[in-house]
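Structures follow.
Consider the two complexes below, in which subunit A is the common component and subunit B and subunit C are the respective partners.
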Partner chain A sequence: MGLEVRDLYKSFGETPALRGIDLHVASGSLVALLGPSGSGKTTLLRVIAGLEVPDAGQVLIAGEEQTRRSPRERNIGLVFQHYALFNHLSVFENVAFGLRVRRRPKAEVEERVRELLGFIQLEGYEARRPGQLSGGQRQRVALARALAVQPRLLLLDEPFGALDAKVRQELRAWLRRLHDELHITSLFVTHDQDEAFEVADRVVVMNNGAIEQAGAPEELFESPTNMFVADFVGDANVLQGCARCGRAVFGALDIPYPEYQDEQPLAATAYLRSHDLELRRTRNGGGELPVRIVQARRTGSTVKLVLVALPCLSTLHLDMRPEEWRRLELQPEDTAYLAVHRASVFTRRPGSEEAFDSWTSSGL
Partner chain B sequence: MTTTQTQVERPARVPARDSARAGAPSLGRWLLTAAALAFLGLFLFVPLALVFAKALEKGLSAYAAAITEPDALSAIRLTLLVTLIAVPLNTVFGLAAGWCIAKFEFRGKSVLTTLIDLPLAVSPVVAGLVFVLLFGSGGALGPWLSAHEVNVIFAVPGIVLATTFVTFSYVARELIAFMQAQGREEEAAAVVLGAGGVQTFLRITLPRIKWGLLYGVTLANARAMGEFGAVSVVSGHIRGRTNTVPLHVEVLYNEYAFSAAFAVASLLVLVALVTLVAKKTVAWRARVEKR
Partner chain C sequence: MATRAARRVLPGFRLSFGYAVVYMCLLVLLPLSTLVITTAGMSWPDFWSAVSSPRALASYELTFGASLVAAVVNALFGLLVAWVLVRYRFPFKGLVDALIDLPFALPTAVAGITLTTAYAPNGWLGAPLGRLGIKAAFTPLGITIALIFIGLPFVVRTVQPVLQDMHAEAEEAASVLGASRLQSFVRVVLPQLLPAVLTGFVLALARGIGEYGSVVFISGNMPMRTEITPLLIVTKLEQFDYQGATALAVVLLTASFGLLFGTNALQWWTRRRLATP
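This part shows the complex of A and B:
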């Protein structure tokens, strides 16, 4: 069952938390709400669940208006960041809670809970208290509890935020498998872009109470429509320069920018992703950016390079495979050349505050 | 002198982790502990022991006689009655106040929180006088009450009112702190799972706050049984009718019936000891359940 949010506004006192959110989650899809803390993603989730009342706008599930309904009438599963398990109840009773308050027959409750405990691989833990479980186990119980009532929609608020890196990784993969099995429409909040990109079909980037861009992971990555997304998604190198006469110039880097043909120079920002850059020992086409190597550090399966662009001295970060790095036979303090295969360029029109023109240039 | 000595000594004797926890240097620690214990002994233990010593100085039979004498029994009955009314009233109020202050945001919340503390800040004598001014024969509601032949002051209703007033804050204060520390997430989870207000309260909130509630009720109970000042103003000290246990103790003492006075007083001390044990148990149970 699909979820639709229309023109949603919510503020807490003077502070706006949501500023006109329009969102569509297709039936059976898994969508991530990605954004920095304070961007309003948790508030959006709570409004959808009915725990917060919006100032304006609508929430629809399967085309049905939900905005005036209480949370208990919406039949939504919600998984909280800090689990919010009932610590005074056993694992079994936690999972059974939604069925118990619906006064389902005992045999049905018993069967459904057993089935779910099997599903989350916690058979034999029925009698334990949540306090006796690990973080990962607790979050699985929270998920089973939410799924027990067969909700129309599953909402997850930073579901792995409180877990350590390894458990997080496992649960991510597990959540994706679970979604592929159940096909329940799911929306999950995260501030971790790896998590969003790895798990979700679609990613919605939020900032400052508004949606900046929504799309498939590669779409956000390859063609960000604004500076926030370019900056927030992926680790991008930022260069400041100017645009005029259909070119954008960032120090020694000169790339076509057909969006702006005037002679009057305009401030421009270029975002360069590590994987769109190639380090070379010698100039090969003439368009390369001369750089000085400052540092090369091996971390796990990559070599992390810190470079300084010459002559403007902007710092650039570049990840390389170790064998590639070895083949180049370069070392710190050497000068090399950086080929830029692709860049996202944004300019700010004079007199406009928010609007940016963007242009993504590839195959440079 | 001491500082130099302990600075040299500390790293050698106490492992780093322990010294951070213990904080004070060892000699100072001993001095402080000794001072605290001496103070406790002098001001708490010795007086309490003396109460029992004095109560039993004429033997067990005199002790039994003092507390089974009709006026004493009547005072005990009255105290129990007043407690049985005042404590449940304030339990219900405390639950309601704790619930709305900890779980909701509304206008005037800070005013309500302040008002809840008022009975603790007001001297009990003043509290008693307020009720005399309100319900006494010369008071605001006095003429109307006497026209309808309702006695509040110098009668049981007045004692109940005064006791309710002075024990007003105990349950509420305890629960507000407890509920605020717990937050609202679990209630939110229950509601999203389909639980209604009553179900959420009975299945989630009440089990989670039960130890805090029990602690608050225990404190309110001890205060209700032991209250002297406010009750003294409104009761009129009518022997066998409006004397509570603390008032009866005073009457006996003023009549130089010292061992009888201390015998009855020892009952109040027992209430205090039971309260302390209950408090300790509750704290311990709450810790065990948290694990």
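This part shows the complex of A and C:
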């Protein structure tokens, strides 16, 4: 059952939290809401769950209007960031809660809860209280509790936020497997892009109460449509320069930019991803950027390089495989050449503060 | 034990422990033991007739009955007041919050005089009540009102911190899971508040049983009708019947101990039930 959000607005007092959100989550997909803290992603989740009333706009599940319904009528599963388990109830009763308030027959409750406890691998923990469980176990109980009532939609608020790195990694893989088994339409909030890209089919990037871009992980990575996404997603090197006559110039880097053909120069920003850059000893085609190597550090399976672009002195970061680095036989303080295979260029049009034109160029 | 204590803030386990024991003996144990010793001077039939005279029995009924009713009322309305103070924002909230402690801070005699003036047949509250055919001052109802006034802070102040620590998230989780407001309250909120409410209830009850100052004025002190046990003790003392007075005091003491024991057992049970890491 798909979820649709139309033109949603919500503000708390004078502070706008959601500014015109349009979102479509296809039935059976797993979508991540990614954004920095304060971007409105949790508010959006709470509006969908019915815990906040929007100022304007609509929420539809399976094409049915939900906006005026109370949370209890929506039949949505919600996993809270801090789980919000009922501390006075056992694990069994926590999972059974939704069925108990629906007054389901005892035998059915018993069977469903056993099944779910098996599913979350917590058989034998029925009588424990939430206080006696580890963070990861509590997280799973919260998920089982949300799933017990067979919700039409599953919402998760920072599902792994409060766990340590190793447990988080395990639970991520587990959530993905769980989704592949159940095919329940799911939407989860995260500020961690690795988490979003690893788990979700589609990622929705939010900033300042609005959606910046939505798409498959590689789409966001390869062709960001605005500066925020280019900057927020992945680690990008940023160069400042200017555009005119169909070219964008960033120091010694000169790349085609057909979006802007005027003679009047325009401020331009280029985002270069580490894996779209190649370090060379010598100039090969002529379009390379001369750089000085400042630092080379081996961290695990990669060498992290810090470079300075020579005429303009912008700092660039580049990751390389150790054998590649060795083959180049370069030292810090050496001068080398950087071939740019792909760049995302954005220009700011005169008179407009927010609109950017973007152009992603590849095969340079 | 001494080596472990040596690393603590207070120096000298032996010294501080000894001080604590002596202090407790002088302040609590010694006066209480004289009470028991004085009573022990009585023969069993004397003791029995002192504590089971019709006048004494009537005073127990009134004291325990009025305290119980007052504590029940306080448990219900104290919970409500604590709820409003924690969950809602309104003007002068800080002032209202501070006013809750007034019965603690006010000398009980002042409270008694104030309540009597208000509830007397010609008082602000007594006059309209009188027109409805309800007599408050100088009746068991008046005593109950005084005890409600005295006991209010106990329930509010025990429930308030628990309510503050309780996140609204648990209620939200319940409503998303399909619980109605009533179901959320009964299944989620109340079970978590109940131990605190019960503790507050027992404290209010214990205070009510021993309350004297605020009650003597409003009760009218008619033997067999509006005479509370603490007042009966004072009356016996004024008549130089020390043994009779101490015998009644032993009864009240036993009741207080029973309630204290009950409170502690309740707290122990709660801690076990809500074991948190």
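Going forward, the second predicted complex is superposed on the first by the 364 of 364 C-alpha atoms of A that agree within 3 Å, B and C clash if a C-alpha of one lies under 4 Å from a C-alpha of the other, contacts with A are read in each partner's own complex, and residues count from 1 in each chain.
As a working rule, a contact is a pair of C-beta atoms (placed from the backbone, for glycine too) under 8 Å apart; a residue touches a chain by one contact, two chains touch by 3 or more.
Note that the structure is a prediction, hence the values are computed from the model and not measured.
On the shared subunit subunit A, the superposed partners subunit B and subunit C overlap sterically. In the superposition on chain A, A:G98 makes contact with both subunit B and subunit C. In the superposed pair of complexes, A:H183 makes contact with neither subunit B nor subunit C. In the overlay built on the shared chain, the residue A:R321 is in contact with neither subunit B nor subunit C. Contact with both subunit B and subunit C is seen for A:P71 once the two complexes are overlaid on the shared chain. Subunit A residues in contact with subunit B (one complex) as well as with subunit C (other complex) are 49-51, 70-72, 74-78, 80, 82, 84-89, 97-98, 100-102, 131, 145-146, 149. Listed in rising order, the residues of subunit C touching subunit A in the complex are 167, 169-170, 172-180, 183, 187-188, 191-192, 273-277. Residues of subunit A touching subunit B in their complex: 49-51, 70-72, 74-78, 80, 82, 84-89, 97-98, 100-102, 131, 145-146, 149.
Those residues of subunit A that touch subunit C in the shared complex are 49-51, 70-72, 74-78, 80, 82, 84-89, 97-98, 100-102, 129, 131-132, 145-146, 149. Note for the complex: subunit B touches subunit A at residues 185-186, 188-196, 199, 203-204, 207-208, 289-291.
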